[in-house]
């Protein structure tokens, strides 16, 4: 299996609800350094997994929607804790959609799976790793579905 | 698949037996920077994989048993080479036990697999990656079983 | 010149005032990975610059006052932009005060200068580097003085 | 599953053919920081995955064939774009061959799979991950076969 | 002293002349991860050293002139070895010029000194550190002057 | 000022004497990732600070004397705590001696100062920074002199 990874970052504010979060229930923030890894079994005729320039641009555009925002005010996240692992899934879904729109080029449809990792500090990170074309409901009810 | 990773470190002395180790047969030491990645297919109702605070505390407590020690003097390791890969398994087993005791919270039982990586320098590392609930004998005879 | 450095991190929310900040005028946040370097010309009789355990504890205690907070609500920062470089100075002042209180041990008074670096992402950081005992007004009016 | 990883680097010049590469169609170059991860289900009787010294030496010898070269002039790569992902496969094939020759020791035949990652900058990398003994044609026609 | 640092990278080909370079006399290449640190004694009225957005843009524009090029073909470097340390000076001179043109904003003239570091691998780097307004001939004859 | 830095590592065992060290009074160990930075005001006629190959070889040879050893048994360190900062000075002295012997080439005598940094973990490091030709006694009595 071949893969290519690109990196960018985003700086956001948010707060969490639930005793498990302790002081992180207060409004605070984070820098997330974001890695997106694209995987496919064979290279295309140019010898690449994806156009790394397009992949970087797509990631930047996707993160720009979140960058310098208070995630508590983003309607799409109402009622959800925007944890690092949750946001890894949000970026994953966004990259899958970008591939579907052709933003990464016509050949990027051959990408089988994607792994998104968000580094929240030098000692903690979270990831979401999944198939681009999931066989059934694309996401679990417990994960990101809205009621 | 979702994951969360935490990092800590431990500083130990030890020596190895076997020609393959060359000068590392002498008493020497290492700093191991330890990453533990917890994985589960869906997030819990708080939107997390594990309580990152509890995970960090459990890792610290586990490493404290080894920290600032000569591993050649630790009874549990008698007759074993405490290589980086062997110690990755020791940390894995310790984290599985911590989950079993409920140290990572009641919901951490949903963690399916764990990957432990020990970085011994800027150019070398070793890992153990396994299921939390292995279907049969939890470890191979060649790996960590004692006679 | 000898030095010792310790690292920790802090996660905060804040916003900036001034056109120069563009979208960072909105409420957002950051993880700051904080390095504090202590320097002195000779080692003490134990062969150290400072007690690294005490230095780490002091840094953690200092950052705990800021951690998981919206800096826009911290009275000490009213009317100031809590930029990365400004916060580097805040940590510097806090460490100087800690040395003055003896928190880093009786011998830490020999520390001549301190450099504090805050990494706000994988591509940007800021520092403040200064003498522990500045010969005149300990800080410039343009930097951190309050009217 | 256990693994051990070693790191080295190589500095090369090359150019790419194809509109997708934009300015990278010009002669340019790269430093690749190369990680090779060896995996096997159980440790050998010494408690290791592979002899880390031999693994490092084999990687260095393999990279020496490419180091300080213009890859456009290497006959084995004629007609191919020597992209980061392509070169990850080249290193993978070279390490599989080294194991086959016994360069990593008699016990290294138990290595089941290898992952090679080439970091081309602080924001981009590529990998090839495969079985050491692939069940059928060892590589896909679209990947590294020459017509 | 306050400082702010930004990071970017550039990928080039080149060759060196001189026995000291050994195999690096052949045409090869490098990725340089470039850090530029700007220093000034006091912050401006916005609480910053420089506008980090402008600094990043200026660095990107400067590196774009070198990116994806064979430096052996760049007229400005004729007869010079484009070593990592030499290129650190080139970036330094370019950033000083950018400040002079006002590219980093009207207040950036208060920047006293700049340090440029080029990381050529995970084990080697080079820097140039100098005053923005050097009191006499801005650079040594042995360093970057052209005949 | 120009500089070039090279990196290597060493793995040792040792123990400390003194209450300040707490559990580190026990026999333990460390991996030190060692950076050596060489500085001079102008480049030589080849356009370099030092021959990076020779610098790396000298550092490796120097560290080989310590590697895979229990520093408590090294006669030169009798009665001294081999702290990270102390060892930074040991490496500094060794590199100064190597320059004096001509190991880094005839032109390396122009190196004015050296900074040695030992990273003992992902959160702690220590350095010694000094002139190659110190004007008076080359080291302080409190630092590395033996009784």
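Here the chain labels run A, B, C, D, E and F in written order, and each chain numbers its own residues starting at 1.
Here is the rule we go by: a residue touches a chain if its C-beta (ideal position, glycine included) is under 8 Å from a C-beta of that chain, and two chains touch if they have at least 3 such contacts.
Please read these numbers as outputs of a predicted model, since none were measured by experiment.
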| item | value |
| --- | --- |
| Chains in simultaneous contact with subunit C and subunit D | A, E |
| Distance in touch steps, counted as few as possible, from subunit A out to subunit D | 1 |
| Proportion of interface numbers common to subunit E and subunit F (over half same, under half different) | different |
| Furthest chain, CA centroid comparison against subunit F | A |
| Listed chain pair A-D, D-E or A-C that repeats interface B-D [over half of contact pairs the same by residue number] | A-D |
| Magnitude of the superposing rotation for subunit B and subunit E (Cα, nearest 5°) | 180 |
| Centre-of-Cα separation between subunit B and subunit A, whole angstrom | 28 |
| Separation of mean Cα positions, subunit F and subunit A [Å, integer] | 43 |
| Multi-chain contact sites of subunit A, meaning residues that touch two or more partners | 7, 122-123 |
| Residues of subunit B that touch subunit D when the two form their complex | 16, 18, 20-22, 80-86, 88-89, 122-130, 140, 142-143 |
| Contact footprint of subunit D on subunit E as seen in their complex | 7, 9, 11-14, 23-24, 26-33, 67-70, 120-123 |
| Residues of subunit A that touch subunit D when the two form their complex | 1-8, 37, 41-49, 51-53, 56, 105 |
